[in-house]
Amino acid sequence: MKTKNNAALTPPMGWNSYDYYNVGVNEKQVRENALYMAENLKQFGWEYIVIDAQWSDPNALSLVPESQYVPFTHLCLDEYSRQIPDPNRFPSSAGGKGFKPLSDYIHSLGLKFGIHIMRGIPRFCAHNHTPVLSKKKITADKIANPFSVSKWNGDMYGIDMSKEGSQDYYDSIFALYAEWGVDFVKVDDICNTNMYPAVPYSAEKEIEAIAKAIKNSGRQMVLSLSPGPAVIEKAWHLKKYANMWRITDDFWDEWRLLKAMFERCEVWQAHTGEGCWPDCDMLPLGKIGWGFKNERTTGFTSEEQKTMISLWCIFRSPLMIGAELTKLDDFTKSLLTNSEVLELEKNCKNSEQIFRNEESCAWKSFSLDGKKTYTALFNLGEKEAEISVKTDELKLESGKSYTLRDLWKGADIKKTAAGQEISVLLPPHGCALFSLS
Amino acid sequence: MKTKNNAALTPPMGWNSYDYYNVGVNEKQVRENALYMAENLKQFGWEYIVIDAQWSDPNALSLVPESQYVPFTHLCLDEYSRQIPDPNRFPSSAGGKGFKPLSDYIHSLGLKFGIHIMRGIPRFCAHNHTPVLSKKKITADKIANPFSVSKWNGDMYGIDMSKEGSQDYYDSIFALYAEWGVDFVKVDDICNTNMYPAVPYSAEKEIEAIAKAIKNSGRQMVLSLSPGPAVIEKAWHLKKYANMWRITDDFWDEWRLLKAMFERCEVWQAHTGEGCWPDCDMLPLGKIGWGFKNERTTGFTSEEQKTMISLWCIFRSPLMIGAELTKLDDFTKSLLTNSEVLELEKNCKNSEQIFRNEESCAWKSFSLDGKKTYTALFNLGEKEAEISVKTDELKLESGKSYTLRDLWKGADIKKTAAGQEISVLLPPHGCALFSLS
Amino acid sequence: MKTKNNAALTPPMGWNSYDYYNVGVNEKQVRENALYMAENLKQFGWEYIVIDAQWSDPNALSLVPESQYVPFTHLCLDEYSRQIPDPNRFPSSAGGKGFKPLSDYIHSLGLKFGIHIMRGIPRFCAHNHTPVLSKKKITADKIANPFSVSKWNGDMYGIDMSKEGSQDYYDSIFALYAEWGVDFVKVDDICNTNMYPAVPYSAEKEIEAIAKAIKNSGRQMVLSLSPGPAVIEKAWHLKKYANMWRITDDFWDEWRLLKAMFERCEVWQAHTGEGCWPDCDMLPLGKIGWGFKNERTTGFTSEEQKTMISLWCIFRSPLMIGAELTKLDDFTKSLLTNSEVLELEKNCKNSEQIFRNEESCAWKSFSLDGKKTYTALFNLGEKEAEISVKTDELKLESGKSYTLRDLWKGADIKKTAAGQEISVLLPPHGCALFSLS
Amino acid sequence: MKTKNNAALTPPMGWNSYDYYNVGVNEKQVRENALYMAENLKQFGWEYIVIDAQWSDPNALSLVPESQYVPFTHLCLDEYSRQIPDPNRFPSSAGGKGFKPLSDYIHSLGLKFGIHIMRGIPRFCAHNHTPVLSKKKITADKIANPFSVSKWNGDMYGIDMSKEGSQDYYDSIFALYAEWGVDFVKVDDICNTNMYPAVPYSAEKEIEAIAKAIKNSGRQMVLSLSPGPAVIEKAWHLKKYANMWRITDDFWDEWRLLKAMFERCEVWQAHTGEGCWPDCDMLPLGKIGWGFKNERTTGFTSEEQKTMISLWCIFRSPLMIGAELTKLDDFTKSLLTNSEVLELEKNCKNSEQIFRNEESCAWKSFSLDGKKTYTALFNLGEKEAEISVKTDELKLESGKSYTLRDLWKGADIKKTAAGQEISVLLPPHGCALFSLS
């Protein structure tokens, strides 16, 4: 498939406020994280700063930990039923300026700016018949679908795309985002509308409408769809309209979730590349959980963190850091700034699983020029184990000698050749990432 | 199980506005039907006049036939988030009098008065934080559940019974209904909340709350639950809290639906009696469909109509006439005023299916004094057929002679005795109903 | 429903070899258990001695614990494709005498004799085209259904009842059982054919065929159907053709299974009586597990055992002891010989659950003469708790005074009257059983 | 993914006996069809002659049309539990020569030889404990799984690959097929074991075993898996072990099945190439149905036949002719010998759906050298319609002029250029196939 647009020629890399701030990040915190990224991570390819859910809700976080969302909260809205930032949390947005000032700041750092939205139109607007920006002079109740509701957040109704003026609403919000300078939009409750197990892809028409609205806005924006698990039968549709989509439900710092991701990567491996990035979700490492009243250092061991980064990179998932950046420790930072590892994320092709079972897994990938072969070996079991891959799986040229390099150690290990075996002793949940050149 | 209350010692018999008027009946029409019932049907046991859905919606019917309900309509409400009748359609309700004047009229005719409600609280109220009548000074948003929505009607949110004050709302509306003189409440979207196939009985706590609210109101009211199909695993709970509950989805004048009812009656037959009446839904006979822009005489043949009445009566389903009463033809009227047939509905016990297959079915029942045995024979096939039942299925006393009487013909047929067979030639979809005494 | 036959006017009570011997009991063991029953339990109503599965398999138990059944074992068969006892395990059966000698012995003790069979015809017979006893001179392959297989035992194919001669095979085996003097047949893989989740009641026609074969045999036999969970929608059919049927999957000595039985009893309570006994499965108490290479004393606490017996008795489940009787300890024996408790099992009516939640449950029942009311109170929680029932739930006559008697303690507790509350402090998983008279 | 082997570098093209002969083709018929292919079709790329199911069953077809398969038939077997051809139907196989003589004949024509098998081992062998060719001296009962049965054919049990010697059986049958000179094996009941909806890919280990057995045989054989629908989540596994796999259930000459194939091709399009060919099933055109007692000319219109061939070719499904070749009419022959159309099947890359809805669909593909672009336009609706595709979907070089050629008409139509639209008026169910060069 040709690249649908130039929004995400390589998998997006950045930071998202959710894992640390839950739905309650404020402007100061966003700016601090952006500054940290610009000064410390940008040179390694990190560039997106994404504000997650509820930036228009003045009551966000008020019920945590009993409830993540505030039922029937009154969101900040403009005169056209569009959500605008809560000026208390985002002071620069006051006076109708929206996210433009914040976006300008982020751009001034050489970074890109992203926001989260929920599919649809605020329920409050539908029930109060508020206007929509449209030449057809419609009101919210004319396009909202009272039965299209999310499983976890009660703010919005899905839009009935068969109704007159429905495209106008999506056009109107993406026109606003374009004015604000938004580069990345994470649209939620759209990839798997998991309220309805029988029709998990029920928001198909809204995906098309949003892709069209982005095009109509005249501004390039990465379209990221949530939540997962995305429906593999719909891979063609996702690739046609979106840049990235979540392949699992929310990912957190638990080994069982990380192990399960290997199965999902197996399923989705044929669909990466050319502007399309099946998404393994944020990286819950470093300091996370503050906004959930559960601030902690990631529950992943250091071996598991390397396993996570290695899988995400060789599979070419987008990389979104969940940690509060200003609290980044040296070890975590070292994971996020290993250029040799990130090279897989950015410049590889033909990634593919070699084998997978309950105890182990291996992947391979190739540099764009074909001169380097990569292989990742994973110990998925609970005991230390020797994990091996035969080099004839790696398309090596027979007769040639290769230097085997350990990317996490940053050291050449030995010479090897086609027909031999690459083998490594790995701790439980551990991983090794090699290049052969 | 003991009778939970005295609200429905026999299966309720009456008229419901839905089949003819859809959701748009008005006061004049209700009064005319009540008057007809008082003058023509009351002496046969018919007594309830029930106003079906949307009596508080000023826009009801405005989108028919494209849409049965008006999305985001503004219902008529009082200051405590309670629905009140639309005064345009129910003029006597103006000035805060509610259904009291209409109810008084119906009572003056010697009849009883019923209304339909949807489970929950208006969505509009939740989004606009309107007050609830409660000493706890709560507002609608504090008790509404934003994820508990009906599959077909967007007016209401279910109530989260774990929230403080939630019982107060149900108490407040049933207190109002008690003031109005309501005798029968059909609560909808509660028996099978079919939005969620995995948890069809998700409104269990609201059923308990409503039963309690009726008790708290101090007025006896029949509690009727819709829609079906009721979940047979929950029979005990239904019997403990309700008087009647729908055992199928909406029933209309199609043979396939009537034939399917035989299977449902088989499933539910052990659960009738003592104030509990599994409900086969309204009788779509006579003139129906006007409010659906499809006014017509019932699509059932006369044979099918007798089959329907016979099954409903021997199973002891509630009987709710769907026809516009003032347009009742003589044949339909004859079906509804056959005292010998209605005797099964009112005064029988131990009803039970004898056999059932794709082609035929038979039932039996017994008079309360045990002196009369009834049997119904049904031809469910597409050809004329001889349908038989062995009298040893009927607990007849051996050696005794019995008079076999055809209840639809109102004529004694012959003498018979235990050990013989009762056999009758029936047209397709036809039925015979006999007593032996 | 009238009693379909006189095979089980009260719930059957007896012993089944499975819980202790798995599928490998032998004749000596059966005789010892029968003798123990005759001498110690018979006077309390215990009367059935049931040999469970695989009595015709010479290799039974040979693969335990790796495998319960022996794939493709060669069963002992007669010339008409009928299973006969393995003469090594049942020496008295040698020479074609079948179970007649053993049955005679059991009858001589004043007890009744039962066997287990799997639905269908041996697969070996179908593949080798062996004869069936039939005037139609058919062979096994003509009536076997190659797709009707059990989920756990590979011995048999279901019979295709649409094939000519199919009834003859069932007639031929039940004629043999009648010759042997069998009083009770537990037919397995028939109540819920759980190989096929979409059609759990797929053996419906075989149930009818077996009921007919029993009738044709001329001998009264209790028809017991396994495994569960029985399908509640089919209650009418089960009551028409069988005497008892399992309402859960296999029951063992684990609290979660015992707790789950309360939900099942709620579902099935309307279907007990008149020869029909929804079956909670064997009582895994005393010494069990030997044939599973896991001999042990039941894992139930003494409180849980009383809870189990109390629920089984007030619900009126059949009672089949799983313990090896010759190893019965005094406590277990006391549970099985409490006449006041067993009176509920044998002579009660109108049993019904009063309430049930995660923490507690109560039931009531009434003596046949209506003079005694029973109530069982259960603590289903993990903490000691006061469990109460209001006496107005118990249909007591107002103004009258009642003696409250604790049936497990065998002691009168106090006087009580309508309008009061019966309350008892119960340990976790504990129970109290009271009569009021 | 690299090509797993060289068995199917392009999608296999050939003839299969099923659509015309059902399960009963004989040697003479096979030879006649092979001769026809060699003389008329070989030069267009057609090369496989495949004998479908039941070649070892002496009773095949004897129950048609009542039953396609004969329950408990006695298959022709060798001394190692392996199926051999029925010598009555395949005379040259007599004396233990198997399919070798027939295979030799087919090879002598310059064609390749294929057979159908069912996964597993004959049930008869398991029940009669017959030997397996293995150094471990095992018998069939030791490796057969009594619960692994097909949904439609009762001959076989699946093999339990965890049992010792299980690989030996598959090795033994593929060694035999290698001796016979088999080039193509269609393994049935393995791709979707649709007996068990919850685990449709339950034969995963047998797929691996068969792939290994082919490798162990030392002979290159195409591995074709049936029936469908293949499970898209298992695409990686299918590509690793098989050459082709069915993506739908059986395909016949009905428009609804053909229309449904468009959705399946959408789902599977990312998985074609490099020796892997998702399979749309046989082409039911020409004379078909004789062995089903329903001989007929295909029910597809000529437009539908072109649509079918066009979709199969641009998607690159294997092509297996279902027609009796000796009765091929000129029109059908013209469809099968259009070199320009078949060029897509054989030498294209990057095939991809452009759009699809209920009314229309378009695909594109590219010649291996990148110089030609192909597009197929389909009218899926019931009315004549103009179907269009924008050339900017086709990666044309801007500024360049292209010759648009109609491949079915074999005629150049016009010049076109990037930025224009290709549009064609198509009859219902019709199609056009264009090249641009």
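Per-chain residue numbering starts at 1, and chain names A, B, C and D are given in the order in which the chains are listed.
Just so it is clear, a contact is a pair of C-beta atoms (placed from the backbone, for glycine too) under 8 Å apart; a residue touches a chain by one contact, two chains touch by 3 or more.
Remember, it's a predicted structure, so these values are computed and weren't measured experimentally.
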>> For subunit A versus subunit B, which are copies of one sequence, does the interface use mostly the same residue numbers on each side, meaning over half shared, or is it different?
In response: same
> Roughly how many whole angstrom separate the Cα centroids of subunit B and subunit D?
Replying inline: 56
>> With centres defined as the mean C-alpha position, give me the subunit C-subunit D separation in Å.
In response: 52
> At which residue positions does subunit D touch at least two other chains?
Replying inline: none
> With chains as vertices joined when they touch, what's the shape: line, ring, star, complete or other?
Replying inline: ring
> Can you list every touching chain pair?
Replying inline: A-B, A-D, B-C, C-D
> subunit C touches which residues of subunit D in the complex?
Replying inline: 71-72, 123-124, 126-129, 141, 144-147, 149, 151, 154, 195, 197-198
>> Show me the residue ranges of subunit A that touch subunit D in the complex, using the header's touch definition.
In response: 1-2, 232-233, 235-236, 266-267, 269-271, 352-353, 395
